[in-house]
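Two complexes, one shared chain (subunit A), two partners (subunit B, subunit C).
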Partner chain A sequence: MDSTNLNLGTDEWVAAHAERSAGTPGPLDRARAAWEAVPLLVRVLLPVVLLALVPLAGSSYLTRVGVNLGLFALLALGLNIVVGYAGLLDLGYVAFYGFGAYTFAMLSSDKFGLHLPTLVTVPLAVVLTAAFGFLLSLPSRRLLGDYLAIVTLFFGQIFVEFAISGDSITLPGRSQSSDLTGGSDGISGVDRFSLLGLRFESDAYYYYLLLALVLLLTLAIYRVDRSRVGRAWRALGQDALAAEAMTIPVNRLKILAFVVGAGIAGLSGAIFAAVQRGVFPSSFDLPLLILVYAAVILGGSGSLAGALLGAALMSLLPEALRQPAYGEWLFFVLLCLAAVAVVRRARPLLLVAVGTVVVGFVMNAVLLAAGVQGLPAADWTQGLLSRGMGRWLFVPVDRLHWGNAAFVLLVVLLAVASRIRPAVRIALLPVLLWLATFVWFVRLSPEPSLTRQLLIGALLVVLMIVRPEGLLGRKQVEVL
Partner chain B sequence: MPVQDGEGARAEALALRAVSKSFGGLTSVDALDLTVGEREVVSVIGPNGAGKTTLFNLITGVYRPDSGQILLAGEDVAGLAPSEVTRRGIARTFQNVRLFHNMSVVDNVLAAMYGGTRTGLFAAALGLRSARREEREARARAEELLSFFGTRLMGYRWDQPAYSLSYANRRRLEIARAMATGARVLLLDEPAAGMNPKETHEIADVIGRLRAEKGYTIVVIEHDMHVVEGVSDRVVALDHGVKIAEGGFEEVALNPQVVEAYLGRGTAGTK
Partner chain C sequence: MEQFAQQLVNGLTLGGVYALIALGYTLIYGVLQLLNFAHGEVYMVGAFLGYFVMTGLGGPAAPVVPVWLMIVLMFLVAMIGSGLLGVAVEQFAYRPLRNSARIAPLISALGVSLFLQNAVLLLFGSQVRSYDTPRYWPATGAPELAGVRISPVRILVVALALVLMLALVQLVNRSRFGRGMRAVAFDRDAALMMGIDVNKVVVLVFFVASALAGAAGVMVGLVFFNVYSYMGFLAGLKGFTAAVVGGIGSIPGAMLGGFLIGLVESFTTVYISSNFASVLSFLVLILVMLVKPRGLLGKAAIVKV
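After this line comes the complex of A and B, so read on.
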């Protein structure tokens, strides 16, 4: 073989990369570039300082929200390792949170008359939960995907069942049943933390502890992610057989991911038990599991910053939405996002916006002319937009019937819109947008408890359509 | 360019002794003996279903042989976990490229250094000096390995996800990844499959350099006879899990049994 006239091993494509990639960056690219231009120290310190100021605002409500966020962020960090890095669909994850909480509660309450020092109980809770994770990972380590999910979901449910019925367990060698978990009443009267002579009298202590822990763990996980172990987790998550063929002992690393995730969840659980000053089985059931998964997936599975952002969104959003005005804002943001997701180009989008305004005024006039009794704007909206809104939107006195009818119409129109040509769909969009707003103000906004869930669900759906890899996640590609 | 080294007998890098494997009633590899000398390039050819890939799976520990020995530098590795076999010195590429597609090019290579490095979870989390040093060394080695392929995998491609590579580059990266395991024996499963003539030429050149410059022992499964002719010291032909011919390229290619295995009875000897 003669290779003199072949230019082997060189690559014009690589050389031309700079020119080729000098295209126009999108708004997200520009935002990212601007953010990355800020010095690293400022980027890290700024949020930390801002977060450290929260308890100083003197609002116990705000501090409690922060504590819940911290607990939730720890959970998300742990789950991100198991699901995001190692790709193990562990649906029993919340059981580790519960296990840590119960362990701490049993060791520091009147339940068994034990009041061990915090410096003993918390590490013990973490280690025992990690050991529990190890035990559960043994039967799970050869399972993949759906099978692992089913088995771990089962483990999670066993934990809840055990906690509920653990108040009458007959231990071997005893004739009478004994109470281990307090049953559905759980364990109350759990000790506060007391570290280095410091008694955790208020939530502010826990807040700062959690802030420090989240920061430390984020740093630690950031380092692990870029180390030999993190790469091995990602490798086995993508192709276990190839990973095994590349000197990575897959089973051992799966177990390690399980154990680390469990330990972090156990830590969060122990703090939770102390903050609540009690543990109850219902805290560790499916709703929490769904929320943690939503946080990790929304933020971008496998992204550390994404897990934190997701945790912040999923724990702050429901709180924020207790305020009807915030709900209103979120509704409009979602509506705009949905419109952008459907249209995606500037000029048609402008037409849709103008069309929506026109549709509103026309509908208003039609309903007035038809003699339908309406409510004054001040009765159904406050805030910035209220003055114009009164002419654009019409809220009938009979909210129930009008709202229900409009809702059915909206669903029918949406179904129709999904079946027609894109050009016609854009023409229909202003009507849909107005109708959605109508349904929101007439029927949904008077019932905030319902709309909170609805809005969060809608937000998740819209975000997953617009950005399936999550807010800060990287696009994942299946190569067959 | 088959390399003839005058010394004759080489030290044994890899040896299979009467290795058999059957799936249900089908015997895929039947009492196979195979010896590969130090720094030798041996090609394994044979029609589809001859047991070539099964042979690779047996050597790398994906399958456990029903009987027989697999000796790596004299040590029996049969029955060990694949990660352990690779750590001891045999690495492979896959017929259907199996990179870690969503990891960057350099991370693919670094991931394969797992067995050769020792930073643990806590050392990494605490950012210990030993962990940082090992990481630096690993990156330097990854750079060296990737530069073996000229500029193909260098420059901005380092941090690109593997899925963004062209097909030929994915195959090259798979070889780089196998090299990163620290193995001395490379098993290449159809390295030139799906490549254009220029890329095929380049792969043959790479195989030659792997042996000449880096001193690897190489077993290669290949259907492209130009590659087989160009790179092999020795060719082994398999059919139905049995070795039907062994020797130099010409000798094996003209062997009536081999021609029959490829083309069917009645055409034997009419090449």
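After this line comes the complex of A and C, so read on.
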């Protein structure tokens, strides 16, 4: 058996007879097979070249989105080591990101009058964050799965609280309270990077730096994954007890995974502080943590390509939600995908589509006849479909109450739909699709950040039920 | 001394609330080995339900029913509503994952927590709502103890928390359901083979655990007034800390842990700094974990391979 075909973590019987459980290959599998047929060099270089062209488009907005994506990809890569490889549920991961950012900000701003060169501050931030990770890993290494999760989650929360209340700390030996973190205002006026005589004046510099870092790190992790340490991490992630019985130094490897993950998060944090030219406690709170987790898990925990794909999806989709016109398209695409995923056959799908259109017109007529005050279409839709949408969908003036009622009804109906026979479910689908569209336009699209959180929450639950291994992950087999 | 007594009362009130939340965590963990991150959200929904019962009955200024009846109704509705919510969460988010890898239900629980929090935010907005207890239940004629006036609300909260705990202990130790529960907690597969309806037990456990959280939500509303959609996260975290400190899976442990964390928090607020209340309870957690990784009253689990 050569090393590329090592089916680590897969039971021998399952590995040999995987086709028994595998159904017919779906479109996702076929796309994956086609993609894997392309030579590796092309597979790596093509996205890199494409991504390298982005700042040349001259849109500062696009470059900014790219920078955020790069930061997020670094975070996801680091978390993928901790959670995906070593199987440690570290819910305080974002605190390391914050720690790196705060370290960098303190060392290169007017806060303490320090303006150390970037070549000193960034490695220092990484090393300090890694050391911090080491410290946290010491009490954590004795904790089993769930305990670790709660201790780290608490720790992440403490970090945020400390950052907020760190503006009035009485250090021992001093009578006056001193300001360490700037409180909830954070630290602003952080220096830009300046490396090798280059001053990072615009986002494009950071963009290329991040692109290079993500590439380097991906290669490094790819190598590590196939090394002794990488194999040991995977063994640990599969079953710590069995790994220990196989003489793998479990504790040391847990600490190593923690430290490496923390270091990567610290690096990302330092760049984040420089890009944003400031740090604020609210940036390192729970929403970001859940977003990074969603990225790693959606992509496929333990898969390198999955982490990158997940990071791309999770940072670009919420960005699209913020623009109403894109958000509308995104919503319709998701809706169609959901319908296809439920129905899966052409003729019923057509019926559902027709049914949905009919339901829309009927509901429009009913609501009009009932004398409900409606809004003109131009007030709530800008997309290409806007002309037809006004006749099909009805948006009442009182968006709050109608929207809330429809939202509750939608959640209840979805719950019911998950419990009934497939044939009945398909019959119910047109109503659900219309109701979802109604809720979207009436209530959700004006609240992009809330919508994002709601969707991520629902996504995590549905993903765990439908496809816990994520998009590119490998199915885990629990052998008991 | 006066301050000490005052903080003792505060700590006991807070501790009662944390203990109720911790009991929910412990019950669910004991039966399913599942860390129910959404528990804090269930507690938040309970607090909201109590609030809506109060406003529905005429609001704090002019309740249409006697105050005692209103408070009983607040607790009843919140407990039943939260209980049903907990059962629904179990049905849709955890049951399909009963036999999957350990990490799956944890992630699913995080998702539920995020969803519930934002659903409440969407439906009821981000403004802080107030129970405004003093307006319908003024603290006149409150008994004094060591120079500290103890408001009747606090007495009610601590007493009710104790009553609920006692009822729970009776339920677990004496009833048929409790016996089934202990059997499932001990060994789910063996319990199944002995003819115990595991699903029914799990549903009941979720109902009881969530109802306790709902009661805790109303208690917090009555004592500290404010309810808002983010209140569940930190309280859930504290409750869980309490459960872990006491030894997760152990019912007396959850009570002990709850009161311990509550007292630590209220004394830190006064004697050290209000900013570090959470930090100190975290330190307690770390310390306990270092000395007794299974918690104060937890039993060491024997892993059978």
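Rule of thumb we're sticking to: the second predicted complex is superposed on the first by the 340 of 480 C-alpha atoms of A that agree within 3 Å, B and C clash if a C-alpha of one lies under 4 Å from a C-alpha of the other, contacts with A are read in each partner's own complex, and residues count from 1 in each chain.
Basically, contacts are C-beta pairs under 8 Å (C-beta built on N, C-alpha and C of every residue); 3 or more make two chains touch, one makes a residue touch a chain.
All values reported here derive from a predicted model rather than from experimental measurement.
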Which superposed partner A:R228 touches (first subunit B, second subunit C, both, neither): first
Partner chain(s) touched by A:I158 [first = subunit B, second = subunit C, both, neither]: second
Partner chain in contact with A:V94 - subunit B first, subunit C second, else both or neither: neither
Which superposed partner A:L241 touches (first subunit B, second subunit C, both, neither): both
Which superposed partner A:L107 touches (first subunit B, second subunit C, both, neither): neither
Partner chain in contact with A:A339 - subunit B first, subunit C second, else both or neither: neither
First, second, both or neither for A:V411, with subunit B first and subunit C second: second
First, second, both or neither for A:V214, with subunit B first and subunit C second: neither
Set of subunit A residues, in rising order, touched by both subunit B and subunit C: 241, 476, 478
Of all residues in subunit A, those that touch subunit C in their complex: 83, 87, 89, 139, 142-143, 145-147, 149-151, 153-155, 157-158, 161-162, 164-165, 168, 241, 286, 290, 293, 297, 301, 404, 407-408, 411, 415, 418, 443-444, 447, 450, 453-454, 456-461, 463-465, 468, 476, 478
Residue ranges of subunit A in contact with subunit B within the complex: 1, 3, 6, 8-11, 14-15, 17, 21, 220-221, 223-224, 226-232, 234-235, 238-239, 241-250, 256, 260, 474, 476-479
Complex contact set, residues of subunit C against subunit A: 29, 33, 35, 88, 92-93, 96-97, 99-108, 110-119, 121-123, 233-234, 237, 240-241, 244, 248, 273, 275-276, 278-279, 282, 285-286, 289-290, 293, 303, 305
Parts of subunit B lying in touch with subunit A, wherever the complex brings them together: 1, 60, 62, 81-84, 86-87, 91-92, 94, 97-103, 107, 110-117, 119-121, 124-127, 131, 134-135, 138, 149-152, 154-157, 161, 163, 177-178, 180-182, 198, 201-202, 204-205, 230
